[in-house]
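Okay, got some structures for you below.
In what comes next, subunit A is part of two complexes: it sits with subunit B in the first one and with subunit C in the second one.
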Partner chain A sequence: MSHADNNKKMGRGTIGLLLVAPPVALVIGLILWPVALSVIDTLTVQTPEGPGLGLAHYIFFFTDGFSLRNLWLTIWVTAVCTVLLLGISLPIALYLRFSDGRYAGYVQTVALFPLFVPSILLAYALIRTLGPNGTVDTLLNAVGLPKIPSPYLTPWGPIIGLVWDNLPLTLLIVLAGLGNVSKASVEAARDVGAGRLQVLRHIILPRISGALMVAACFVILGLFSAFTLPWLLGPTVPEMMGPYMRRTIIDVDAPTQARTQAVVTFLICAVFAWFYVRSVARGRKEGAQ
Partner chain B sequence: MNRREILKLSAAGAALGFMPRVAFANTSQIDIYITGDSNIINFWNNVIKPAYDSANPGYSLNVVSARNNIAPIVDRVLAALGTDTDPLVDLFDENDPNLPAGAIEKGLWVDFTKEGLNNYDTINPVTLETDFGLPYRGTQVVLAFDTTRLDPADAPKTWDELTAWIKANPGQFIHNRPDTGGSGGNFVRRAIHEANGRDPSMFRIDNYVAGESDEMLAKGFELLKDIGPHMYGGGQYTGDNMQSIQLLAQSVVTMAPVWSDMALDAVNKGVLPDTIGFAQLTDLAFAGGFADMTVPTNAGDVEATMRLCDLVLSPEIQTRIVTDIGAFPAIGWEHLPPDLAAKYSEMQPKTIPTFPGGPWVSAISDGWFRTVAPHVAR
Partner chain C sequence: MMRFRPDLRGLLIAVLLSVVILLPLVNVAVWAFTEVWRWPAVIPQKFGLRFWGDVLGRGDVWQALRTSLALSTIVTALSAIICLPAAWAFARLDFPGRNVFFMSFLTVYAFPKFGLYITIATIFLGLGLIGSFWGVVLIQLVSTLMFMVWIPVSAFQNVDPRLEEAARDVGASPLRVFWSVTLPQVMPAVSAALLLTFVNTFYETEVAWLIGAPEVRTVPLLMIRFINSELVVQYGAVFSVMLWLPSFLLLLVARRFLGAQALGRALGA
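Showing the complex of A and B:
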């Protein structure tokens, strides 16, 4: 390698670093630094001798039945939504990947449609359709069937809304993962006599487990901080962490409590973010080999 | 369209925003800062501005939205007080002249009693709270109900009749959470008034004391816990003012507390059928309030702004306030067309109790969520 080549490489490296510097600086200045200040604030306790370090705010959160019920509801809704989302998007993705039929395009359009609907519109539309005396009730009534027990203002309201809202993202990630599964390998398995379920279990699922993991992480991170749908469709109490944090800071006017709730939420999300980063890193390593 | 074209267009759009000042440099501009929603902004742009601009050649209203962000603008005007700098604000459409503290003493606000406004004497006295604010539109929480299921003659007139009706008609009443909108919030506050001798003067902005005030609130929460299981879904509460109106429109419930202006607007737009009736409690009304216009004494042209204030209080504009945005007029109904007064007679405010904000808001929200809301039989 000549000297000039080396210089060129060095130059490129510097330009690369300069290019990533603004976003890194933004992340540090506008996100990490305020987050650090907030975390320090939640660990600060006012004592007669002045501010000191202490866990009082966290002890309050974890001994307060009201807060724990809210956290528990958030975890429960997130878990149910994630299972439903993976369960719904996997069959659709399989159909889109392996079908040559002319309906595949339409199915994909319909499945991606929620991407373009703002969640506040979705919330009011769901009240009109699935809400009490909504469209579904009217249709059922017309054919002499009883009304449905409305999911509106129960935990099932936000679950239905959030599943609808997050379906396109999950579907796209699972679909991308299915790109790794060659049709040839599926046909080979069929040739040696594998049934549909066996193909799914032994050929497809092992190849897309990474994609499913990434999809689950993305969905969980989004669901945990969901606000609009739980706020408009969910029960008053227990409330999910998004509406709870907003109410605590704006209405109850207790910013430190709200920050404590945010840090607890963040730590739970961080576990899944770590899973995500790890699986992406693993994917890159495999790709490099 | 490629990205470059979009950039060009948006740059042109941004430049357009600065144009009126240049184009009408010889026209005096009256700057109005609006705190209200888009319905209020539209009202100023589409009703008041044309009327003012045509009656005052050489003057033009500039309507600016300052949603949720009025405090820094008031601070800017206060900072300019006593200097030669024009604060570029002539009028705030909805502003508490008591804020920031001491502004009145420093002479920031125009005293409307001394400005000789032609229409000042027509103002309904119950709406006047201060000499430094000019009420021009009001709203109050009222009970809205489905007249096909409840004869207006049988509509509850007192708190006791209301709670008796709620218990006799389980699942037919709903209100929204007190943190998500004033219609539910003022229903909760009415219960607190009820439990404390129906005396609104017991609650002031400066007399909240942790502990003893919380006990006063707790007495109100007990009343609400008692009726909670008889409300919709055994004690479910909607997420905002509009949802209660929607449930009323879908015939899910028979009655809900609503903001008078939102409900009238909903009736005008056909969201609510015209079979919806309204009632107000007569032993003590639900809380409400009037939007006060304030004018800084250092405004560029106080005289032209006073002509605007007179115009807003004129019977013509006050009529439009009722018909277009469903708000209460600030002037007495006797100054308005008789057929209009008759149509809205049930909603005419006789008294408008108020409930202070500040620390009371957080105490009520936190207390209600922790004691009343979990009390649900599911």
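Showing the complex of A and C:
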């Protein structure tokens, strides 16, 4: 390679670095730095000899009944939502992939529709629909049935809202997974006499377990950072981690406690985040080829 | 062989989904055009546009709209200035650390978002950026990074370099090549990413509420007020319909240029 070529290559490399510097700086300054600072700060305790390393903040969190109840509620809501979302998405995805039913187009359109509804508008719509004297009550009353115990301001409020909100993307991930299961293999199994459940268990599920895992990870990450829906639709005591963290930093004005709570959610989500990020990175590589 | 089989399973799924997904939305739409609807009537006693006039006459509605439009425009413009050249560099130039930097945007997905906002907020508290418009802009920028870099990178990579070389061979300057050959081909994906950024920022509630409140009053924050402390049901309903229609149309445009998966990830994450 000639000297001039070499210089040109160096120059292009420098230009490249300069162009990508601003967004990378944002990642470092507003993601890595705050997270690192929070980890360091929450591991620091004040001793008579000055600041030292210690777990006092975390011990406080995990012995504080109030914090634990909020964490427990978050885990419970997350678990229920994950099961519900997978349980709802799978039959819809199976229908869309394997039956040439005449409603497939309509089902897909309606199931993806929540993508187009911002969660703040959803919260309002759900309160009007499921709240006291809402539409569901009106309809039940019209056919002579008693009112429902309203899920508004109970943990079921956010659960319904979060399932509604997360359905499209869960469905899309499961559908993408089902794309790897050939119709021929399902038909072959049916031909040798396998029932619907057997086909599902032995042919389909093993091949989409990865996709289901990614979908679950996506849902779990989303629920641990849910704020708007739990805050507007859920109970105040106990409350989910999102509203709890905001209360701690803004109303209680205890930034270190809020940081501890945030780092706890990071740790709980670490495994799921790793799976999810890995799948996005892989999808990206396949897409690039 | 032709056989007629009623698609019962499909019908069941279609009906259930319609009820669960569409009922709340139809409900809001009906409320928006209702003047009197007393329990327990199934159909409102009186339809009308009276509350549209009321909502459009409120100063706080216009102020929230102005704030949110300014916020979305600024975030989209800054994001474009910061991310699009970087996307081009990732697609076309070779430089040390290229893959590491490219993958670094994945950290946006690696933390539960609200926890991340909390850690940023603890720093902003010290800097006095809580309640500041530019504090909100800064965090919003971060949440747009992922798709404002990744979607355009794919678009730049899909432009056939032979076309650009051909243009250069017949004497076009690099700038001219970029303007007349490269840009038209990446425009669909880039405009989809811009639309997503705009709509996402417009409806973003959590950063606005955590960092912006009470000084920065965006549209979602006004909606929170309608939900929490407004006795007139119709205000929220009218506001919802008014806000939802334009965003729906914009997202439909974005959907034409982007796969459902990419759209879903950009909106859901």
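Following the convention adopted for this analysis, the second predicted complex is superposed on the first by the 244 of 289 C-alpha atoms of A that agree within 3 Å, B and C clash if a C-alpha of one lies under 4 Å from a C-alpha of the other, contacts with A are read in each partner's own complex, and residues count from 1 in each chain.
Just so it is clear, a contact is a pair of C-beta atoms (placed from the backbone, for glycine too) under 8 Å apart; a residue touches a chain by one contact, two chains touch by 3 or more.
Model, not experiment: these values are computed from the prediction.
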item: Comparison of subunit B and subunit C by subunit A residues contacted; value: C
item: Partner chain(s) touched by A:N133 [first = subunit B, second = subunit C, both, neither]; value: both
item: Partner chain(s) touched by A:P22 [first = subunit B, second = subunit C, both, neither]; value: second
item: Which of subunit B and subunit C A:A111 touches, first, second, both or neither; value: second
item: Touching partner for A:I75 - first (subunit B), second (subunit C), both, neither; value: neither
item: Contacts of A:L153 with subunit B and subunit C, given as first, second, both or neither; value: first
item: Touched partner set for A:I203, first subunit B, second subunit C, both or neither; value: neither
item: Partner chain(s) touched by A:A56 [first = subunit B, second = subunit C, both, neither]; value: neither
item: Touching partner for A:L232 - first (subunit B), second (subunit C), both, neither; value: both
item: Overlap of subunit C and subunit B interfaces on subunit A (superposed complexes); value: 124, 127-128, 133-134, 232, 250
item: For the subunit A and subunit B complex, residues of the former touching the latter; value: 66, 124, 127-128, 131-134, 153-154, 231-239, 247, 250-254
item: Subunit B residues within the subunit A interface of the complex; value: 177, 179-180, 233, 236-240, 243, 246-247, 250-252, 359, 361-362, 365-366, 369-370, 373-374, 376, 378
item: Contact footprint of subunit A on subunit C as seen in their complex; value: 7, 9-11, 13-14, 17-18, 20-25, 27-28, 31, 39-42, 82-83, 85-86, 88-90, 93-98, 101, 103-116, 118-123, 125, 138-139, 141-142, 145, 149-150, 154, 157, 203, 205-206, 209-210, 220, 223-224, 226-228, 233, 236-237, 240, 243-244, 247-248, 251-252, 260-261, 263-265, 267-268
item: Subunit C-facing residues of subunit A, complex; value: 9, 12-17, 19-20, 22-24, 26-27, 30-35, 37-38, 41, 91-92, 95, 99, 101-104, 106-107, 110-130, 133-135, 137-139, 141-142, 164, 166-169, 172, 176, 218, 221-222, 224-228, 232, 241-242, 245-246, 249-250, 255-256, 258-259, 261-263, 265-266, 269, 273-274, 276-277, 280-281, 283-284, 287-288
